[in-house]
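Okay, so chain A shows up in both of these, paired with chain B first and chain C after.
Right, the complex of A and B next:
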């Protein structure tokens, strides 16, 4: 149900852009909606992160996947159970750049009536391929938003296209993005457990990103558009000196509209894991719960009646009864 | 806010990265590499639609390559004249590389690998 709904929604979005451009609403799809999308994206992103920042972390809850720092002769697992900020930075970097916790993914199965666990790296591989290629694709698009195009953007393009297949040369990340997106979708379809918990909010962003990739690939290799005019439009957006040149193909506006929807939808969706991963208390806390007392930030100040105070209060009585005291 | 310093630093870095195109281009005016104006039915050498040239020329070159290398058909005939299906001797025979190729390619950040083998007149080639 969620799957069908999301698919129809993305196709409807593409159709809206198509009809809109056919009706001549170029200014709306080329200028107004992209600007609105970027504003909603930035404002929504900031508000969401600030809201998270305002939530206290009542408990000290880093996940511990290895030996905690203990006695000197017991070897600590510094990355999986960090006891210093440096360790946490290492753990977070591996998590963010290499998705280390997905690498630990296990598959549970029944064999001869027994539960068995096996290593399962496909999700790790698929999502790493998906995210990294999406990132490279995003950075590559800076050639439409810079003039002159910086050398490093050209270099990424050259490395991405080093297979030199066809004209225009095939950019590998585009293909990988589509393939990995397809894998992530098929995983939701064929893995029963994952399918059971998948909602429209899972399918929709996936279909949207696949739609963006598909329209981009169509535009680059099959339904050509005048790239110089496209850059005239995008540079207009970047320099705040907007214009929509005549004669850009409708496929470009479909691509742009799907991206606008993706950006505007971003802060209100699961895609916020972009910011969320940095704020995961199970990952970014130092596991020093035995060394340092973690105080729940919303706790009121409690006056603690310490032993010293207790002894001060009852010292004379204690002495009379012959109870040992620390201070005479 | 809890850990406000770290979170706000992170947000500032994020916004700085996300808005890069806006401040990198602030106050710039971008010159177009070329003005291409063509009527929808205008043809170049009889059968090459001019209006598509900027978006479709790579397909044409690809097609020419196959026709020449695999089919041995080297020439287009038009108006009694023969034109060679060739980048060096055809296109660049009349058009100048800098104006005709390089400007737009640099502008769009597309580096064709034509020039790994072919070269314009007056350039140092592989020979």
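Right, the complex of A and C next:
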């Protein structure tokens, strides 16, 4: 149900853009909605992070995934169980750039009463490809928002198009993004457990990103649009000097609208894992809680059962056994 | 359980295929052997948990107070404000499913709601409904109204999680379902729905200082029993002291170590070791429990139970505290104690009185793990062992969840074992260290009435034991946890057979040479050491 709902929703969004443009609402789709989306994205993102930040981290709860620092002759695992800030930076970098924890993934199964574990790196590979290509695609888009285009953006473009196939050159990351997105979707459908846990909110962003990638690829290679005019529009957006040139194909507006929706949707969705991963207390804390005291800002006052109360109840028994007491 | 099903029967019921209906539309069915008994009102009252009453989890009407929903939701809002972990973990799960098949309860039961992600979704669906904008859309947004059935379901699955944190190791964001279960249980406790097996030991611990409710004279007599046994087995008479002011160290271990076998054998190991060292230490009858059932009840309860350790150390005027072999105990000591009840500025930074080693890693909390302490002794050549006394034992080592994923204590116990045993075999890589599997009975689930659940939860662990038994002839499962020592024997008995369970310091006690030329013919279990004579001839 969630899947169908999300699919219909994304198709409907594309249709809305199509109809909107046909009705001549270029200003709305080319200027107003993109700006709104950016504002919602920034404000929503910041508000969410502030909300997380407002909740303190009362206890020191890193999940330790390697040997602790204890005696000097025992070799510590400094990345999976860091005892210094540097170690935590390393651990977080591995998580964020290389999806370290996902790399541990196994497939557990049962065969003849035996639990068996198979290596299962596909999810790791698929998500890494997905995210990395998404990131590169995003960065490559800077060429629409800068003039002159910085050299390094052009360089990424050149590397990305190293295959030198077709005109314009085929850019690898777009294709990889589509393929990896497709893999993540198929996995959701065919892995029975993942399918069982999936919600509309899991399919929707996937379809949306696939939709963005698809419309982008269509526009670049198949239904070509006037790129000079597109740049006129995007530069206008970037320099707050807006105008919508006539004669840009409708596919561009579909692309732009889907992106606008993605941005606006971002802060209210699971996509916030982008911000969340940095704050995760099981990953970003140094495992030194016996070495340095961690302070809980709301450390509660509690009732305790004092030694005096204990001795009052058991004094006679203690004396009989020769256990020292405070009050004879 | 008289009519316990056969292993094959249990195994044949495991099926990983999820039901046809969506999880939100699949009502929870309370299966016998999978739910705990309800906590008794007198116990709840003793530890000031609200809304105690006579009830049973199979009742249709749980007799929740009229405004239970408000209490729950207010409690939830409160926890969201207090714990970043909670708020964050509610928001950022992408349902990638990496954690799904990492939970021993899912592996053992096949129940999809035992996938960590779905366990968390039980609460997350309520979070969405009441604390997010999109959740107002209802079902399509994965939101659910809080109803009695939803609450019962949350209860049922909150007590099918041992808070082992294995899922958290595999999650790309470190989402720790144990943390979410802890929050769920905090909420459950606001409504007086604690289980009997948790509230009973808590009340005991609050009153007598230990879960088992051992009063000072009983503790003393249990020790006398062990001391006599030790003298019989080793010829050495040890003299433990209790509540002694001015001792250099306070020693705290789970009370099960001086209550029942095989924990008592571990305790005998400690006693021998400390005697050999001439350590100036004392036991306490007031702080006679290392474990802490508060950890899986509420953070306040944890603090109340834990307070006794520092209080007693202060009263007795010791320099620092040494802690025995225990899992939950060490999660609390390592990650919570200093924060809750510190700073321990009345203690000194721990230094081994024997080797002079400074335990830098414990300099604030001032509590050292016994295997850190012993490993240091061995490394510095302060102990002599006759490893051959352990030759009848082929051990493997079970990493406890809490010391593994909430501390990272891996090499210390292994170093000790390898120093006192000639043989040692590891279980498969995916079942040890940070990937270790729970015994299936942690976080207050060691209740008789849920034996079937526990046997299934312990299946992955038992399977790994079986593997090394068949491959390497392993006959001893060593561990550093009191719950393990209590629950692993019946578990391996059921699934594996002919494998015993011991604490690491039992092995130490066996091999430790108390004085030159000492002859031992029996081990700490009072069993004759096979082949001792032969060995001597060979030498």
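Definition applied: the second predicted complex is superposed on the first by the 299 of 328 C-alpha atoms of A that agree within 3 Å, B and C clash if a C-alpha of one lies under 4 Å from a C-alpha of the other, contacts with A are read in each partner's own complex, and residues count from 1 in each chain.
As a convention for this text, contacts are C-beta pairs under 8 Å (C-beta built on N, C-alpha and C of every residue); 3 or more make two chains touch, one makes a residue touch a chain.
Here the structure is a predicted model, which is why all the values come from computation and not from measurement.
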Between chain B and chain C, positioned on chain A by superposition, is the outcome a clash or a fit? fit
Chain B versus chain C as contact partner of A:85, first or second or both or neither: neither
Between chain C and chain B, which one touches more residues of chain A when both complexes sit on the common chain A? C
Name the contact category of A:54: first (chain B only), second (chain C only), both, or neither. both
Quick check for you: in the superposed arrangement, does A:69 touch first (chain B), second (chain C), both or neither? second
State whether A:198 touches chain B only (first), chain C only (second), both chains, or neither. second
Could you say whether A:289 touches chain B, chain C, both of them, or neither, answering first, second, both or neither? second
Just checking: does A:154 make contact with chain B only, chain C only, both, or neither of them? Give me first, second, both or neither. first
By the touch definition at the top of the document, which applies to A:224: first (chain B), second (chain C), both, or neither? first
Closest pair of CA atoms, one in chain B and one in chain C, after superposing: how far apart in Å? 10
Set intersection of chain A contacts, chain C complex versus chain B complex: 52-57, 279
Of all residues in chain A, those that touch chain C in their complex: 1-2, 5, 48, 51-61, 63-71, 73-75, 77, 80-81, 83, 95, 99, 101-102, 104-110, 113-115, 117, 123, 127, 191-202, 268-270, 272-273, 276-277, 279-283, 287-296, 298-300, 302-307, 310-311, 313-314, 317-318, 320-321, 323-325
If you look only at chain B, which of its residues touch chain A in the complex? 1-4, 7, 10-11, 14-15, 18-22, 24-30, 32-34, 36, 52, 54-56, 58-59, 61-62, 104, 106-113
Please name which positions on chain C make contact with chain A in the complex. 7-8, 11, 14, 16-18, 22-23, 48, 80-88, 91-98, 100-102, 107, 112, 115, 117-118, 121, 132-134, 140-142, 165, 168-176, 179, 206-209, 215-217, 220, 242-245, 285-286, 299-300, 303-304, 307-308, 311-312, 315, 333-336, 338-340, 342-343, 357, 359-365, 367, 372, 375-376, 379, 404-412, 415, 428, 430, 433-435, 459-460, 463-464
Where on chain A is chain B touching in the complex? 41-42, 45-46, 49-50, 52-57, 142-149, 153-154, 157-158, 164, 166-169, 224-228, 231-232, 235, 238-241, 249, 275, 278-279, 297
